[in-house]
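Heads up, the next two complexes both have subunit A, just with different partners, subunit B and then subunit C.
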Partner chain A sequence: MPKKSSLFLRLLLFAALLLFALFFPDRSLTVRVFLFGAATLGLSFFLSVCREACLCSASFLGIGALTAALISHGNLHPFSLFSAFLGSVLFSSLIALLVGSFLLRLEGDLFSLGSFCFSEALRVVLEGLPFTGGARGCDLACWEPMPLSAFLFFLFVFLLLAFLKGSSFSLFASAVNDAPLGASAVGVSVHRVRMKGFCLMAAICGGAGFFYASVSGILLPADNAYLRSCDLLASAVLGGENNLIGGLFASLLLSVGEVAFSSLAGVRLLLLAGIFLLFSLKSGKRGRKSL
Partner chain B sequence: MIFGRKSSEILLEARGLSRRFGGLLAVDNISFSLQKGENIAFAGANGAGKTSLFDLLTGFSHPTEGEILIREQRMPSDPVSFVRAGVARTFQNLQLFPDQTVKEQLQTAYLACNKRGPKTSELLHLAGLWKERDRSVLSIPYGSQKICELLRALATGADLIFLDEPAAGMNQWEKEQFILLLQKLKGRYGVQFAIIEHDISFLSALCPRVLILERGRLLADGPPENIFSLPKVRASFLGKG
Partner chain C sequence: MNFLSLLTAALSLGCCYGLLAIGYGFLYHLCRLFNYAHGDLLMLCGYLSLFLSRLGVKNGLLLLLSPLLGGLVSFLSEKLVYAPIKGAKPIDTMLAGIGLSFLFQGAALLLFGATPVSFSDTLALSFGGVRISAFLWLTPLLLIPLSLLYAKSPLFLRLRAMADDPFGAVCCGISENRCRQIVFLFSGALAGLCGFLYGQEFYLTPAIGTLLGIKAFAASVLGGGSSPLSSFLGGLLLGLAETLLASLFPSVFLDAFVFLLLLGLLFFRIRRPLQRA
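After this line comes the complex of A and B, so read on.
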């Protein structure tokens, strides 16, 4: 159980976030903060389970956004939107299950390379499909940004991950990370734990994709390729492995930074590389294997 | 030929097990059966194939030929299936979880096996590790770490635990305490042990049956008081004719 002061601070933080969701004038930016915050938490959770640098998290965000747009097909009825949200989560998880069964056999740099390849392959495939609008993008999503729903989604993700942190899954994940042989020897299936982490990350990113569809106007496959994954990874690394509050602040910083420093978009990769270097040097002893 | 007795009480049976690594035949056509309740030891010179055989018998390696049966059920080469079937193991090089406390190590095993094993607090009390339960596993002495790994295997609810060189690195007093602990665990939980050990007095104190391996083959099988007097065993294992 968190200490009373820590609990009070968290409540205060969420009250502030609720006010932000309700009253901040730029609704699109508000939704972006929460959706990237949720995606960052999902990726941070995956990092803590597998300690692998995943470069395809944004692909699931893209899959979620496209699924939501295709399911709702411009129909703004609440049931239609709810179906679209559910479809985003489920379809992203399904794709993660299929891709993960191959990808999770890889480790370290090979995993990063494999996830990068998946991300790029998906972009190429989506750009070639007629119903996605090809490289010009898909403009089916036309519902208004929903900051309060995005906040509730973020809150749900936060509480879910906080619950998992204190559950037996957290013990299994730590076992799988620290000594895979030892984990197998006590009946923990290494592949299953990694797969659960991957699918949960994909489901969260898919859910975030539903909100992304509302703020992006036109869904371009290239928007959610590896560069976006690098952003999310930078947020997760900045926030700290499995650090829920840290992940939120990091994504806030990057979401606002992306808007405020849009002129620096050209050197974004360079900035991200600097962040990786600084933080992997800092946490070098524990060595996030792939960073 | 199958060494050992055949009866309805057979817990584990190896049939014609072989394991090849490229040009090296690490385990060569080994067959034996293990009675329920029987402790067994594997001995032999370095490179005789003891650990390779352990890896096969616990699902960490798949046989090139042959099969393993537990309670007459054929086992796939998957360690988790072996644990579910009641076979756990420890390692020559400890495979503890460095980020976890002593108690968490046992809880991980206990929860992974659906709370089938003995309660973790009971095991920690029994082994005298209760006071260390909240300490990081890396901060306790090496002998206690070995005990922790043993308790973790037991927390899975295993009936048979493979111990790979459990006494290595222990002094005489620690070895004696470890033997007492193993006897206590066997008496209390009915767990039986398969042990790889170079210390003959250690394995003689625990196992009424020893299998001697030489270059991957089964050289002899019998009680320790007889087997170490056989000339071929003395020549192979003890280096004496």
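After this line comes the complex of A and C, so read on.
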């Protein structure tokens, strides 16, 4: 149970975010903050469940965006948009279920490598398919950015993950991470726990993809490939493992940074390098095992 | 393009993958480490060699300097990044590799720009109208002593002992840190040389490293990676398959083929299954 002061601070933060969603003039940037915030929280949750560096989170964002664009097909009726949102969440989860049944049997650097391969293979395939618009992208997502809906989606993700953090699933995840053999011995399925974390991350990223479609205009497969996954990973790492507020602020930095460094790709890469190196050196020294 | 030109192009690409795959094989089998930035090291060394070439350094001298540069950068990355986190969780090592990869890419982008560049004069030879790239004539010269060194030299015997049984090797007085440094030095030197040769044959851009690295790792896994020769053969096979398939099928799906191949290899050949009771 959070302390009263902490609860008050959180309420204050969400009130400020609501005001930001309602009144900030750049609607596109507002939606970006919330959608990347939600995706970062999803990835941060996966990091805490599996302790694996996933390099395909942006692929699910792309899958969600493309699914939403194809379902809505330019129809701006609220029911059509709601179906598009639901479709993006469900289809991303389904793909995660299929891919995860292979990928999650790998671990450590091999998992990261496998997720990278999936992400790049998907990009290449999408660039070659005619119905997704190929490398020139899909321009079917023509609805306006919806800051309030994006805020509500972010709030839902935040509350869901806060609930899961205090639930028995979180305990199972800790057990699976700390002692997989022990967890198996008491009947916890290691693969199932990892799969749930992976699918939930994919569903959140897919939902965020629906909002991404509205701000991007043309959906290019290359936009949601490896580099975007690294961006999300950097903000999850910067925000702290399973730290919901930290994830939000990191994604805020990411969204603003993406706009600020749009013409300075080299500087952006060096900043990402700094985040990854500092985090790995700090965390790696703490978790060293002796020979 | 006639068949002979196609074959030499395929073999050049295969040699490039093969040389890089040898470095990956050393790192993965002797240090149990996947160095994510190994491909980017190739790219960085390619750019540095090109920079020296434009300053007037001759190609013959660059042939010696590029492995030194690669070895030095690789040694420094081990000393400053990988050594402090030795024995840490795989996620930390992976993130360190990604960080190094971005560092090399960002530095190359800022210093040299994103425009594709290549060497103006090359070490390629020509016999009867057929162009023999530097990769083709240099790789066999390198591969034979390297294979002998790996199989017979006391240095590599110590490295293999460390990979087989680290605890036993330490008890016998072999230094684990020294072994890691030597492996990084060797693999870095190979990546450095490969970067120089790649710039002679193809175009350099800051983004090529990641893709080349992943393909070379696939080649290393394909070949088994237990010796330089097997890693090299894996690379050669991948290069041949990639070039020949590109001439038969739409090249847009070619990279997808390599990634799916690596996924299959990861799953069926080197999977470390999660421990279960």
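By definition in this document, the second predicted complex is superposed on the first by the 282 of 291 C-alpha atoms of A that agree within 3 Å, B and C clash if a C-alpha of one lies under 4 Å from a C-alpha of the other, contacts with A are read in each partner's own complex, and residues count from 1 in each chain.
Just so it is clear, a residue touches a chain if its C-beta (ideal position, glycine included) is under 8 Å from a C-beta of that chain, and two chains touch if they have at least 3 such contacts.
The structure presented is a predicted model; accordingly, all values stated were derived computationally and were not measured.
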Most subunit A residues touched (candidates subunit B, subunit C)
C
Please indicate which partner A:60 is in contact with in the superposed arrangement: first for subunit B, second for subunit C, both, or neither.
neither
Between subunit B (first) and subunit C (second), which, if any, makes contact with A:108: first, second, both or neither?
second
Counting only touches as set out at the top, which of subunit B and subunit C does A:226 meet: first, second, both, neither?
second
By the touch definition at the top of the document, which applies to A:188: first (subunit B), second (subunit C), both, or neither?
first
Given the touch rule stated above, what does A:128 touch, subunit B (first), subunit C (second), both, or neither?
second
Is A:172 in contact with subunit B, with subunit C, with both, or with neither (first, second, both, neither)?
first
Looking at A:34 after the superposition, I want to know if it touches subunit B, subunit C, both of them or none. Which is it: first, second, both, neither?
neither
Which superposed partner A:45 touches (first subunit B, second subunit C, both, neither):
neither
Which of the two partners, first being subunit B and second being subunit C, lies in contact with A:158: first, second, both, or neither?
neither
Report, in rising order, the residues of subunit A that make contact with subunit B in one complex and with subunit C in the other.
181, 184-185
Interfacial residue positions of subunit C with respect to subunit A in the complex:
33-34, 36, 81, 84-103, 105-107, 109-110, 114, 166-167, 170, 176, 210-211, 214, 217, 250, 252-253, 255-256, 259-260, 262-263, 266-267, 270-277
Where on subunit A is subunit B touching in the complex?
168, 171-172, 174-175, 177-179, 181-189
What residues of subunit B sit close enough to touch subunit A in their complex?
58, 60, 79-80, 83-84, 88-91, 95-100, 104, 107-109, 111-113, 149, 152-153, 155-156
Using the touch rule from the top, collect the residues of subunit A that touch subunit C in their complex.
47, 51-53, 102, 105-110, 112-114, 116-118, 120-121, 124-125, 127-128, 180-181, 184-185, 190-191, 194, 226, 230, 233, 237, 265-270, 272-277, 279-281, 283-285, 287-291
